[in-house]
Every structure is written in structure tokens, then in C-alpha cells.
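Naming follows writing order (A, B, C, D and E), and every chain is counted from residue 1.
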Amino acid sequence: EEKVLTMSTTSSTQSSGLLDILLPVFEKESGIKVKVIAKGTGAAIRDGQDGNVDIIFVHAKNRELAFVNEGFGTRRYPVMHNDFVLIGPPADPASTKELSDITSVLQRIAIRKAAFISRGDDSGTHTKEQALWADSGVQMLEKSRTIVKKGKKIQVRSYFPADTGSWYLSIGQGMGKVLTYADEKQAYTLSDRGTYIKFKYGKNPAIELDILCQGGEQLANPYGIIPVNPAKHPHVNYQLAMEFVQWITGVRGQKLIDAYRLEGKQLFYPDVL
Amino acid sequence: MDLLVNSVQSAFLLLFSGDPELLTIVWVSLKVSGISTVIASLFGIPAGFLIAYSHFHGKRFVLTCLNTLLALPTVVIGLLVYSFIARRGIFGSLELLYTQKAIIIGQVILIVPLVTSLSIAAISKIDSRYRKTALTLGANQRQMAWVIIKEARYGIGAAVIAAFGRVIAEIGISMMLGGNARGFTRTMTTAMALEYDKGEFVLAVALGLTLMSIAFAINLLFHFFQGRDAIDVV
Amino acid sequence: MLYELSRLTRIFKERTILDLEHLSIEKGKIYALTGANGAGKSTLLTLLAFLDQPTSGEIRFCGERVRYGRQQLLHARRRVVLVDQYPIHFTGPVWKNVEFGLKVRGISKKLRQKRVEEVLERVGLENFPQADAHKLSGGESKRLALARALVVEPEVLLCDEPTANVDAENQEIILNILEGINREQQTSIVVATHYLSQTRRLAHHVLVLEHGSLSETMNENIFKCERIHKEEDFLVCRVGKEVDIRLACNQVQGLEQHCRIHIDPKSIKFLARDAQTQEKNILTGHIVQIEQDQDFVRCTIDCGIRLHAVLTMDAYLQQQLMIGEKRVFCLPDTSILLL
Amino acid sequence: MDLLVNSVQSAFLLLFSGDPELLTIVWVSLKVSGISTVIASLFGIPAGFLIAYSHFHGKRFVLTCLNTLLALPTVVIGLLVYSFIARRGIFGSLELLYTQKAIIIGQVILIVPLVTSLSIAAISKIDSRYRKTALTLGANQRQMAWVIIKEARYGIGAAVIAAFGRVIAEIGISMMLGGNARGFTRTMTTAMALEYDKGEFVLAVALGLTLMSIAFAINLLFHFFQGRDAIDVV
Amino acid sequence: MLYELSRLTRIFKERTILDLEHLSIEKGKIYALTGANGAGKSTLLTLLAFLDQPTSGEIRFCGERVRYGRQQLLHARRRVVLVDQYPIHFTGPVWKNVEFGLKVRGISKKLRQKRVEEVLERVGLENFPQADAHKLSGGESKRLALARALVVEPEVLLCDEPTANVDAENQEIILNILEGINREQQTSIVVATHYLSQTRRLAHHVLVLEHGSLSETMNENIFKCERIHKEEDFLVCRVGKEVDIRLACNQVQGLEQHCRIHIDPKSIKFLARDAQTQEKNILTGHIVQIEQDQDFVRCTIDCGIRLHAVLTMDAYLQQQLMIGEKRVFCLPDTSILLL
């Protein structure tokens, strides 16, 4: 019988093309086929909670840890990381180039009311963006909606800078679409490096946006992999999941990640190697 | 099961919360899909009449093409329209991208084939004596067309309703050409897709149910206008 | 001349339905158009109403050659109205249907109101203005179709079987209407019909179609018959269950088992009670109907089959034909035509 | 403009490359949408007949509901089906999620209202004399229904084609319930969406054009089966 | 009894279309059903064919009360076939249409082939088996409808105007077919018709409908008339353009400007050339038609309006009525009925 491992992951691992390099090798070496379901981080974690998949591979560290704490996952294994970059129009209307620190850049953008595009989709990137806004001291607004879950009323909250008027656009879409949008509107946005490289160097016509701020602990973007807990969902294929975890955090997997180049640029940095 | 129950309750809360953001979203949805449907009907019904009632070489080919266009995926429409109205496209200077107008353009392209093709089906089953009678009684081409369209109104009505349903439930084009910008081009469906992406399934379904209630209200209105007789058969 | 048709054909899928060498129709006259089912009457009327194009040949209308461009057609069609054999009505009430022709001509609401009321009264539908046109009875529906046509007061009225399905009272009324508009408004009228006896009294001319062409012989006294046996110089054919007809041999070359014959009504001769004759075909039958046909008298004889004979008024009076009477008559050889 | 030209060229390359992965994707698309359309038709056409030809209290309400269901967004369908077939759902043990079967279930739900509603429109315009004639000549209910459906075949055919177009071009349900897993549930449209996400616009449109060519071929076939007479009007 | 209807009504949207106290139809007989347009003939036939349900009242078929369940209906419907007034055909060739009734009865292909061929031959459509049923001419289409019904050899055949739109030759053929199946297969037949003169010779009974109820008076000699002036003890009404009729005053209470009268054909009296009479209504007209009506003779007089008179054979022979003759006749007071 065919061994199939079902994995939920964020779109960025898939659309960056990394999985297309990793999985065929893994499949050849272990005889395990990996069925990849790529979606937003929120939905991917949700898949794990619901036991629809055997393993999740995402980038939202706090939520990953919560996932493990609540008993849905056995353990978070760090796999790799890359970083977020703040990009914007070459003309740089908010003059952010003179600043090096991401929080002050965001502050300046808010003060100048320069157009900023937000993912607004609770993805890893969006979670990061919200945290950065909070750190930058820009006043945040909270918006909540009441919904019912398991018979109880609960609030669904979202945060965004106050006084946004028309400069802060929350578009609730994937990274690629946000880049396209920002390019069209010549606006600033926060992106993961992989997608940015792809859209800047791998696409014709390329986006015009440039990196205006990068580096620093605050912009780190770690990816973790978590097998779904068989104690919670007995049907999951924990054994295959662990085989994959061992492989990807092992030498073979880590080397492949390290060697992966998109448009000649390194995208991900292995955590274990 | 849970999901459904929770969502129904949440939908009620949403509907009665009077949340201004939700109202905006509903209004944008209705406006955009309403306008798209009207434009597509104004174009598709006469086109359907013309195609059904003319003889020309390659008519079968045109029909096959129309039916093929029914399978036009929203991604393709989105990208093609995008390539024209993007900043660097031919119509870039009109600044249409990420506006409601852009959604309307895309949606019209999406449903014109549907309205046309279903209108042809409805119109071509109308007894040819209607045409002859109208003409012999002195109708000109336009008046004759009107007679035929009136006789086919139930089928055409169904086409228009189907088209409206298609666009109000449509996500791809609204996302790609509208951009799902909060307060500007966010529609019920893009909002729903967003909540789904976030993993907020209850909220997504609740928004969907809100959409359905609104669609229901509109259909009630439509039925009312279409009149009693349309459905009396046997 | 109202219409002049020359070398006109109409072909559907390789079948020639109409093939008219020449046909002229005069202005201000009533024509009756008759012929067997499928002879092409309705097809011809559709052409005369400019609702169809001939496959070849030309139609001249009021001296001008008909062109099939939109504008020319609209102009011509506004002068001619066709009442269909099986009319169809627009969804909606009777009133709206009648109003239609006036509405498309842009006639004012007030005038429409008046004309519609008048014409509904005329065809006896004054009690149904709001009835659903699709739910009318067979005859009511036919009369509505006529009303719809009358209301626009066309120069030419083409009626396909206007009295079929209509009750006796209204048949009279319709015939009177046709006569009336012809007399008072000089409307030219062509009526396709199988009830010539009715129409004869108003028609100035009778046109007979046979397989799409004009014919001299009336389509009556046509019978299927079966070959029974051959005698010396004639062939015995049976018509119906019991009537034997003898056909002269010069006609029967290569005759098949079944054939159709036509008996010329004008050639049937009643014999005096004691007369002697050399004729081959001598038959006996009851007289079941006698009617006036302009200057002639038509008489129906039941001799196993129903035969129609046409006599001059003098011959009729001389023969003293009476209903119910049993009479002997003969069919001269020349009166029988093999079709 | 560029996009279109490049895409057309790429589409040709794709089509004639014989790439086995592309073939799998095409095959999955066709299989899934074909099966969905057949199931939906088998259900929707008879349902349409029954609704059109029966008198019952609340018929207008049923019609309005049907029309409302035309506006059912794919996200809602996706989530509701998900909640049933997810591991924790009632049918979780069937392991349907992220399989082609799941897509089919979702798509059937998507188009049954469309097929039903358009069938009703087509059937209810059929002259009631057809029914009477069939019955008086001795047809039972089933045979009579068949007569009516045959008379309405052009309208019903249009409904089926529209439904097929809808599902083959559909993205949301295939994504949510199929999961776009390569080699398993990747369809033309989800592949397209993926390429779009990657920013590979040319490839996305090229895939779209490939889809259109296939849809065209299928429509040609369909036209061929529907017969010559269906479109002869006037 | 084949059918027994009692206290039957059929109401459409508050309008009572049929209201029959009692009606029995015998097995194996031919009934002619007549009455003005809208009298309810087609509605009645539809009820007799079990294609519609009465609003109230009951129908007994072969002694059993008709139940409107699916299975019972199917059973009853397979014994009765209705030929529509305006028949509609299934899309497809003539052949398939005729075959339908046999196919739904599960009859073998070979037998179907044979029966369809036979019946097409019978109605004279043997040359069109593959023709498109929708493109037939008016009369062909009517005959196809008849063929479709005949092929299943029903126990009861209901024909709504079978000869309307049919040419003279085929009218004869159809009447002969009806007569034939009634005689040979004891098929019970009900024929709705406006051409009583034709049907009279085959019908065993004539049913007259008037506003949905059975009536004694035949629907002939009915005229619209207009009140002109009142004299001492009678009222003068004008019928048509020139005929004045005097109505006795006891009838004219509250008479409106327009009314309809019926003149009993049996009461019309021809006067000897020199006769003197006290009658108020003495008219003169030409005799245009005389025909046999079983033991009676029907005579049509044109005196500005067309009046029908029915005489006994004796009276006819005695009066020596001749076509074309100008005759004087009177309408006794009792012969005129205000409707």
C-alpha cells in the first residue's frame, strides 16, 4: 500500500518552490508520498486542530506554541528561518531610507500617512506586522465582532493602527497579491523575503518596489514543523510524520534547504545545520 | 453540525449588530453585483435575441464559443483585465485597478456569456408564430424582438437570476481586481474568504448566511416583479 | 394589380411546395383559395404576407417588385395582415392582443381604446376583454386572431381558414365582416378555405392549388380506388366499399393497384327515369343535398360514395331534383380523370 | 496585451509538451467536473420536472429558495461540507477530505440549484398540450416526464452546459475540499490559482487557455450529440 | 353506460364553464357534441378523457366512479383517447408520433411497425412517415393527430373537431373511418363539431351544449338584433341590415337595446303563393340550400339573413321547394325565442 503523509502548510513554502525541491527527494528516499495542502497559516493550523492532516509546517511561532500547548501537536521542531523585509516605492515618499530601525520606519509611515498595504489576514506575516506596529508606538485600534462558538458568544478581534483613514489598506490576501497591490499603488508593505525575491527577480514585468528596511531580530521569520498529536487524533499517521520531521531536520533536508536558490538568492536558512 | 448552528447564531448577531463595516460590505456587494447584472443583461439579452434570430454562417461556431466561455475561470478573467488596467497596461491611466469599477468590468465579462447563452436557449424555444404574428401585425424588428423577449421572460428571468447569483457569490474577480481593500472594495465574499483564510470558519459561514438572506430578499422582490403567471404550469 | 407572382417557387428541403408560373391578384376583390391538404395554401399566404421569401421567382406588390430589406418589408407588411390557420396569441389579456397592431403603429391611446372596443364587439368577444388570450376556446381564439387583424384596417387581408373551429353563428358573422370590409373599405381579401360552399357566395374569384400549382379542376369528387379486374376495353375500379367505376383503357396504361380519380362535377348527367344510354358508368343514388352556387346548382348524391354534381339552373329545374329522391345518373368517359 | 500573447504561446507549448503532470491535472479536472455534472443533472433535471409539474402549497417559496441557492458562495459550501467530512465531522471516518470525492460532493451542491432552476424554467415553458397528449395516448407519469424533458432538451442542455462550465472553472471548492494536492486533487483551476499566487501570471493564463480549449472540445462534442435541429429557429 | 355524469361542474377562476345536471353516454354509439364557441365542448371532452378533474360532481366510467389516483387514471386513460382541437405533435418525425401510443404500451417493434403503417395509410399520410411533424400543413397535422389516436385502438375515441382544417376528400375519409371503427370495433365515439350537417349522418345522438349546460335547442338560427321601435303590442327589432322581426310584447320586458333571438327551425312555415295569414312576421327569401337530415329536410333561406328551416319530408314534397326560388314564409310568435 502506498504511504501517504498529509501535510498542511502555509502558501509561502509552496509558492516559493521549496517544497518542489524537498518533497521529490524525500519521496525517493523514504517511499512516502507527501500530500500538501497549502493555505493561510490560520487555516493550516486549523487543519491540524481538526485532525485533517498528519503534520503542519507553518511560520507563526506563538500560535505554533499555543497549538502544542493545547495538545494538538506533539512538539514544535524548528526547521528553518528567513526574514521579513519592509519594501516600498523607489521614490520613498516617507523618506524611510534614512532610518534603520523598523519601528521608527513604521512610525514615519504613520506620521506621513504614506500608503501602506497590510495583509490583514491573520497570517504569520500579518501577525508580525501587528506586533511591529504595536512596538512602534503607533496607537492601535481594536475591532471586535461577536460570534457564537460552541454555544458561547466570543469576540473575534483584529488590530490596526488608529487614524488610518485611507493610507492604511488592509486587503486580506496572500503575500503575492499584496505585493502586486503595493506595486500598483506604489505603497509600503511588509513581506517575507522569499515572495519578494520571486516578484522582484522572477517575474516579468518585475515589481518596482525596493527593500527599504531589513535585518534585525524583530524581522526574523522562523518556520516550524509539528506532527499532529495521535493522542488527540488517533487516526493520524504519527510514524510517517516523524519520519518526515527527522528527514527535514536531518542533514539531508537541511542541506537541501540551505542549497535552495531562487533567482540566485538564498531564501531560507536551516535552523539545525 | 456545530459549525452550522454556531454560524446561524452568529449570522443573527451580525445582522442585528448594525456594524457599520458590515453594512458597507453588504452595500458594496449589492451595488457591484447589481450593476454587473444589469449591464450584462442589457448586453446579453439583445445579443441572445440577435443570435437566436439570425441566420449566418458559423452560427453553430458562435454558439459553441459562447458555451466555452461559460467555462472561463475567474483567474483568467482577472489576469486579463488586470493586464489591461494595471498601471503599466493600456488603460492604466484610468486608475481602474482595485476599484469597484474594475470588479464590475470583470464580472460583466464573467456573466455575459451566461446571460447570452441562456437567453438563446429561452428565446429559441419560442414558437416561430409569435415572430410571424408580430411582424404581420406591423411590428418593426425592435418591437418584434420585444414581443419575443416578453414571451421568453421566464427563461430570461431565470438567466438573469442565475447571473446575479453567480456574481454575488463570486470571489476570484472581486479579489483580484477589487483587491479586497477594507472599506473600499471588500465584498461579502471576499470578506468571507478572508475569514476562512484566518481560520475563522464560524464567521465565514455567518457572513455567507448573511449573504444568503440578502439574496433571498432580492429573489422575493424579483419573483414579485416577475408576476404570478410565470410559474403556473400544467 | 395588387399582386403579380411570376415563376415563383418555394422549396423546403428539396421538396417543391409551391411552383407558380403566373398568378395575378386584383385590388379590391375577394379571392377564395382552395386545394387539398398540403397543396401549399398556407405557404402561399405566408409569401403574400411577406413573412417568407420565395426560393426563386418574383412577387410584385402594387406594381413594385418586393425587396426583402428591413425597411421595405416593414412598409409592405404594414399594408397586409395575415390571419394564421392555427393562430397564436401573445401572453396577456385579449385586449392587449388586439391593441398590439395599433400600438406598434403609434396610435394614440384614446383612439386605440375606441377601435379595440369596436372590433371586439364586431367579432363577438366584447365580454372577454380581460380574459387570458391563451385560455380561450378554439373558436374564440380564431375570432380573436381575426379581430387583431381587422383592428389595423389593412389594405389586404389574408385569412387562413377563418371559419374553421368557429360556430355557425359566428361563421355567418365572419363572412359578413369580410364582405363588409371589402365593400366599404375596398379591402382586398384572400381566404384559404376547405368550405368552398360558404366562401363561394362572397368570392369574386376562386383559386385552386394542386401540389403547389394552380389548377383548373376543383378539388372535389376525388376518390381513392382499387383496381378490381380488367374487361375488354375498360378496367373496373372499386371506390369505397361498393361502387364500381369503369375506366376507359386509353387512360389505364401501367395502372397500379391503387389510384385516385377525379370526377368532373359538371359532366355528371342525370338520366330521365326511362332513358336508355350507351354509357359504361351508370349509377343510382339518393339526393342528399342541393345548393345554389351562383348561377349553378350543386347537388350531392349518395350512391355509396358522395358525389357532387353541378348543373345549370335550367337543367336543375328541368330535372326537378328533389331531396330524398333516388335518381339514376351517368358518368361520361370524359368526366373521369385518372390523377 | 503582452500577457495574452505570451500566454497563448505558452499554452501551445504546454498543450503539445505532453507533460505527464499536466495530463494528470487535466484528467482530474475533467473527471471531477464531469462526474459532478452528471450527478447534478441526474438529480436536478427530475427535480426540476417534479417542481415544475406539481402543484403544492409553497411552490413559490421553493422556487425562491432555489434561486437563492444560486447565490451560495463556494466558501460556504466548502466550509459546510468540510464540517461534515473533516476528521471530527460526522463522516470523518470516511476520510473524504482532500480527495476528489470531496470536490465532487461540493460541486454537486454548487450546481444542483443551477440545473434545477434552469430546468424548471425550460420545462415550464413547454406547452401543456404535450403533457395532455402524452397522457391521453396512454403514457404513465414517467413516460410523460420523458416526453416533456425531451421537448425541453435545448433549455435543459443549456442548463447542463452552464453547470459544467461552472464547475470546470470553479476554484474555491476544489481548493478547500480538494486541497490542491499535487497528483491527487490538483485541477486546472487550482493549478492556475497556485501559479497566480506564485506570480507566474503567464503560466496561469496559459493554463486557463488550455482549460478553454478543452472546454471547447467538449462543447463541440455536446453540440454534436444535441443534434442539428436544436438551434434552428425562425 | 359508458359515462354517467351527475351534477358535474367545472369552474375556472370563478367562471362556471360546465354545469351538467346529468349526462349519460352509451357504449358503442357515436355522439355529436355541438354548441357555440365557448359553450364548453372541449372542456367536457377533456373531462371525459380524464385529463382534468371536475370542480364538483362525479363521473362514472363503465359503472365505476372515476378516482383521480395515478394508477386508476393510467388505467382509465389507456381506454380513452382524445384528439385535440388544435393538436400538438412531439418533436420528431410523423412515424415516431404515431408509434408513441404503442411504445408506451410496450408493444413489440414488429407489431408497431405494422400498425403504424396501416394507420398512416388510412389517414392518407403514407407518403410522409419521415416528415417533421411540426412542419406539416394544417390538415395533415390534424390527420396525424387522428392517426396517433387510432393506432392504439381505444375503446372510446373523443374527437374535437376532427374535420376542421381538413380538405374535402379527407373529411369524407375521416368520417368513414369513424363510422368504420364504430361499426367494426364497437368503438364509442364523441365528436365535437360545428359542422353538424356532416356529422349528423353518422351520429346516433346529438348533444347540444349552451353555456355549459345541455340544451334542447340547436345552436342555429341565432341572431343578434337591435331594437328599433315599439308598436301597440309588439316590438320591432332589426336583424342584420334589413330584416325586421316583431316580438310579442310578453317577451320584451325590460329589453335592452341589443339582444339575441333564436328562431326554431321546425316552426318556420312556408306559405302557399296566394295564402292569407294573420301572422306578424312574414318574410320573403330565396332558397339557397336544401339537404336531407335523416327523416327531415333542412332548407336554408336567404332573406337578408340566412335562416334554416326544418320540414318533414312530406311537407317538403308538398311545398315543392326549389333552389333559387323566391318564397314567402312566416315565423309564428312561438317560434321566436328571446335569449
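Descriptive notes on the structure:
The definition used in the following text is that a contact is a pair of C-beta atoms (placed from the backbone, for glycine too) under 8 Å apart; a residue touches a chain by one contact, two chains touch by 3 or more.
The structure presented is a predicted model; accordingly, all values stated were derived computationally and were not measured.
Chains that touch both chain A and chain D are the following: B. Separating the centre of chain B from that of chain E, both taken as means of CA atoms, is a distance of 54 Å. Each chain gets a centre from the mean of its Cα atoms; for chain A and chain B, those two points are 35 Å apart. In whole angstrom, the spacing between the mean C-alpha positions of chain A and chain E is 86. In chain D, the positions touching at least two other chains are 196, 201.
Shown for chain A are the residues that touch two or more other chains, namely 39, 174, 177. Residues of chain C found to touch two or more other chains are 86.
This structure has the following touching chain pairs: A-B, A-D, B-C, B-D, C-E, D-E.
Across the interface of their complex, chain B is touched by residues 39-40, 42-43, 45-46, 120-123, 143, 145-151, 153, 156, 169-174, 177, 181, 183-185, 205 of chain A.
Residues 12, 35-39, 41-42, 85-86, 135-140, 143, 160-161, 164-172, 176, 194, 197, 219-220, 222-223, 240, 286-292, 297, 300, 305-306, 313, 316-317, 322-324 of chain E are the ones that touch chain C when the two sit in their complex. Taken together, the chain D residues at the contact with chain B in this complex read 1-4, 52-55, 59-60, 63-65, 67-76, 78-80, 82-84, 89-90, 114, 117-118, 120-125, 128, 131, 152, 154-155, 157-159, 161-162, 164-166, 168-172, 176, 188-189, 192-193, 196, 201, 204-205, 208-209, 211-212, 215-216, 219-220, 222-223, 230-231, 233-234. Of all the residues in chain B, the ones that touch chain A in their complex are 2, 6-7, 9-10, 13-14, 17, 19, 21, 86-88, 97-98, 175-176, 179-182, 184, 186, 190-191, 193-194, 196-203, 206. Residues of chain B touching chain C in their complex: 127, 129-130, 132-141, 143, 147, 150-151, 229.
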